[in-house]
Amino acid sequence: MVLSIFKVLWNNLKQGPSTDPFPFGETFTPARLRGKVTVDPESCVGCGVCATVCAGNAIKHVEREDGSGKDFYVWHNTCTFCGLCQHYCPTDAIRLTNNWSTAHRNEDKYKMKEHEFIAYARCSECSQPMPHMPHAMLDHIYGTPTEELENIYSLCPECRRQKAAQQFGAQIHD
Amino acid sequence: MSNTYTIPVGPLHVALEEPMYFQVDVKGEVVQSIEMFAGHAHRGMESLALERNFFQNIVLTERVCSLCSNNHPLTYCMALENIAKIQVPERGQYLRVIADEVKRIASHMFNVGIGLHVIGFNTLFMHAMEVRETMQDLKESIWGNRMDISANTIGGAKYDLDDELEAYLRKTLEELKKPVEEFRHMYATHPQVKARTQGVGILPPEAAVEYGLGGPVARGSGIDNDVRKETPYAAYDKLNFNVVLGEGCDVRSRALVRLGEIFESISLIEQCLDQMPKGPICCDPLPDIPAGQAVARSEAPRGELIYYMRTNGTMYPERLKWRVPTYVNWEGLRVMLDKAKVADIALIVNSIDPCLSCTER
Amino acid sequence: MLDMLSHSFHLLIFPGGLFALLLGLLLKGFDRKICARLQRRVGPPILQPFYDIIKLSQKETIIPDTANKAIFKFAPVFGFMGMMVAAMLIPVPGVWNGATGLGDMLMLLYLLPIPAIAFMLAGSASSSPYGAIGTSREMVLMFAYEIPLLVVLLTVAIKAGGADGSEFSLAQVVAYQHANGSFGFNLSMIPAFIAFLCFIPGTMGAVPFDLPEAEPELLEGPLLEYSGPLLAMFNLMSALKMVVVMGLGVALFFPGTIPGGALANLAWFIFKCFMLMLVSVTIVRSATGRLRTDQTFKFYLKYPSVLAYVSLGLTLLLK
Amino acid sequence: MINEMKQRVIKLAADMPKGAELNWTTDLKDNQFGWVTLNDVEDLPLFAEKILPEGRLVTISACNAKAEDAKSFHEVCYHFVMKGLAVTVTVLPTGVEPTVPSITQWHKSADWTEREMAESYGITVTNHPNPRPLFLHETVQSEAMERLVPLSTMTNSASTNSLWEKIMGEKGEES
Amino acid sequence: MSIIDAIKSKAVRSPWLYRINAGSCNGCDVELATTALIPRYDVERLGCKYCGSPKHADIVLITGPVTSMVKDKVLRVYEEIPDPKVTVAVGVCPISGGVFRGSYSVPIMLDDIIPVDVNVPGCPPRPQAILEGVAMALDIWKTRI
């Protein structure tokens, strides 16, 4: 009845304001909050799946002309913080932090970006540039690293094939 | 004051969350006729969907509307899974139900709250919104966003619950029951709220059938049309729940149906937590999407949502069409607003839980 | 000459003018703050209404092309001036006993609807359909709440007149109560007091009777088209009205004084105004929502009017 | 219940004067979906009338027909739901000016969808009670889904490229 | 003179908010309503008030990707807001078009048609981020009044 609303009012008065102290104090930020995107250039293999699944076209990979690597751009102003890039990233290189503080002045509109350089490795044999493979992923594919495997890791696919053929050939000759 | 005059409501009107333009002919304070002009939120999404690949469309469909933002990608993924015969892991199905019901609670709470705001009852509105905030925190803690939770992906769910979050979810739901019950009691018995909502915006059941209305709007007039019962999807076939029906056919009845559904949702989530097996949450890797066509239906907070998809073997859909619940409910307004008072227009429009961005895409 | 000076003092400084403006804005600030606390919010600073006025006075004024410009500009000034005059008539018991005019209660009865009339002028001048609806609602509302007010004033006048007729001077009403006890504690006058309490939210345009300005329906109705200093004028008018209505309530029902001189009594008066506002505006508007026009009309005919008539009948009987 | 409805659809399809094809599919939860293709557009009103009272129109999707089907340019799918059974009725309007009859007189929910289809695909709907454009602004040409898709794809990529030049050109906060 | 200046400087403590929905998906609007109206965020403590008429507004918050249908209306309402005013774009849609960029119905970005002062990207931004944006808008407003 009418009285129940007065009960609510009384309780409200008694409990005091429930207002979050922000912007004058700290606020609650859950760990899983999907905020600004960061990229770890160490573990990125430049496969581009993040750009493919990105609905807002917020991710762009640009190949450097000298072949030394790739520029990785994320523009926060069209990112929808959906987390698909993180979900589909094979090496967990792209990640959504819980940094939600995005407000900025309009003159900084185009500066709101992440820019990372994804360096390509060079083949230790022929020094052709090749996509860098993070160690964890190679271990996942090939199992426990041996010295022999370590050598193979540093080769480009072409040289790796040749090397494998040579070794295989050597085994046959033995 | 017997002369008839026209008042424009909208397109940018404070009572409407969204831009819709009504032209209301009134005589004194009584509505004579109403004309609706839509299109302000038309973003051409159906054509955009054809330019985006299947992954991008998960996010695109989520942006159809942020209040039922879980159901759009869910139904979209279901249509795609029907075409490609992808079996979603069991845990993923339960997680989908949890996300769905959490969104439903928040959406219903918001709608009833805004209804109170429209009649100027700000204290109770704020009370409702404070209760809803616990749901918002829940969404933010589990999925990472307060509105677009992005819980689904093709083949399953994206975010798993660990023990800590599961305990948190249970605790929050337990704490939710009491304030919602109190709120429902107050909504039902406060004399002023009753005076404003009872007998307002009458929708006879026959009209609801004739116009093909759906969701809580039709259920407020006693029509049982819950898709979760009719054609169960996700894990709904393994869960027990009642379809809440109302008899008043008015604004109050619709609000009480929504508030009743909140309790069903709480029970559904609790059942999910009890029954949910361990295991993978998402099917991985994805098979190729063959050419084909499929229809998928689900129960969004506002009613029946249907997706029609046609694929041609590429990564892009050939046709993606969806019908949102509000789309049909707009026409039902003609019945509800007939001979209504000007003061009640905003309230009645709010009672269908209008979603313009859904309607116009 | 001296008379002239004292009149200007009463009009511009105390109790009207400056004092009433400050008190009115302060009351509004308290109203907002307490309402916020009842809703579990921190709320704005108490001085927020002052900041609003300062801000509005520095904004641009936009007058719609379709508006009747003269009336559009005149309406807020008219309402403001009306309330300035009304505020002058309010006695502050123990400090100033009110203008000595004989019929100031009747004058107040004529002055009180001026803000409503200003709203109606504004609504029709701004030529917006919302303004038009606001105008018609204001009119209905005015009819509804003026009836109980009229009867309440009549009752008080008859009561204060004692055995020999009626008394329409507020100074005399206050004096009578000082001699014979406040009406607020008189059993036969309590229904009239309740009727007066019901009248306050109606005349102040507060929920549940804020029909002309109903924000979600009419986008603040007649005020929709106003901006800048003209809007500030309306805000000041409503602040003044707050003081007039509360002051009237104090004078009619609780004009008691406390020992301790003028300053203490001034504080006592402010406190009483504040309490009256708390009961009739702040709590009521946090505990209800808006009613429809027809419901409002029925409400006023049903409860406050009947209560006021009960008091009138009792007063006549007991005489 | 579902089986009863299924029988009705089978009978309905068989009763069409010009004949109709009927297929059934199920999803992974064993929900049934019916797919009816009418041989002639003119049979549509009859179907729409006969599917009442259980059947209600949910929506209409127009599609650009597959390239190999030279006969017709469009397919129009009418999605009905009968007590939980979703039935899709496809018609193939032929000719350069494709035309379908309106079914709004039986299904009020067809009003908006038919208007939307007319404006976005340029399909003429005959006998529509209120043939006013629904969503599209006058600056957007009608038949947006027909003409504008390739056009907007082109402008899209162009504007996106210039946008990215701006983004890459600006010195960011961190770099 | 300094007293008058001191009084005048208090004007910044009364920024009134007005919201324009330019075809958004609701998310940002719901969050704006949440920010503006509910106790947890309570913008009223900053002196803000959510007003129903553009004529009363000081800070205008715009959501949505500015569809072709709503463009003219946004411009018209924007003109009605008396100077000085500050514009805040809320959500990624008005800033860049977001997921809708490139649609035939979303021809422009907001800052092509009206001067934007603050951007609050997010889809939707959380209320705290909106508050941050409003606080930033207040700083700008201080320099204009």
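Letters A, B, C, D and E mark the chains in the order given here, with residues in each chain numbered from 1 onward.
We adopt the following convention: a residue touches a chain if its C-beta (ideal position, glycine included) is under 8 Å from a C-beta of that chain, and two chains touch if they have at least 3 such contacts.
On a predicted model such as this, the values are computed, not experimentally measured, just so you know.
Note on connectivity: the fewest chain-to-chain touch steps from subunit A to subunit B number 1. On a Cα centroid basis, the chain most remote from subunit E in this structure is D. Rounded to whole angstrom units, the spacing between the C-alpha centres of subunit D and subunit E is 38. Centre-to-centre separation between subunit B and subunit C, using Cα means, comes to 45 Å.
Averaging C-alpha coordinates per chain places the centre of subunit B 27 Å away from that of subunit E. If you average the CA atoms of subunit C and of subunit D, the two centres end up 61 Å from each other.
Contact with two or more other chains is made by residues 14, 39, 42, 44, 47, 51, 56, 59-60, 63, 117, 122-124, 126, 130, 140, 145, 148 of subunit B.
Residue numbers of subunit A whose C-beta contacts span two or more other chains: 2, 5, 9, 12, 17-19, 33, 55-57, 75, 80-82, 112. Counting partner chains per residue, subunit D has residues 135-137, 144, 148, 152-153, 156, 160 touching two or more of them. Of all residues in subunit E, only 39-42, 45, 89, 92, 95-99, 101, 111, 115-123, 125-126, 128-133, 135-136, 140 touch subunit A in the complex they form. The part of subunit A that touches subunit D in the complex is made up of residues 57, 60, 62, 71, 73, 75, 108, 110-115. Residues of subunit B touching subunit E in their complex: 11-12, 14, 17-19, 39-45, 47-48, 51, 56, 59-60, 63-67, 69, 110, 114, 117, 122, 125-126, 129-130, 133, 136, 140, 145-148, 355, 357.
Interface of subunit E with subunit C (complex): residues 7-8, 10-16, 39, 42, 44-45, 47, 49, 51-53, 55-56, 58, 80, 82-84, 145. Subunit C contributes residues 38-41, 129-130, 132-133, 136, 207-208, 210-211, 214-217, 219, 286-295 to its touches with subunit B in the complex.
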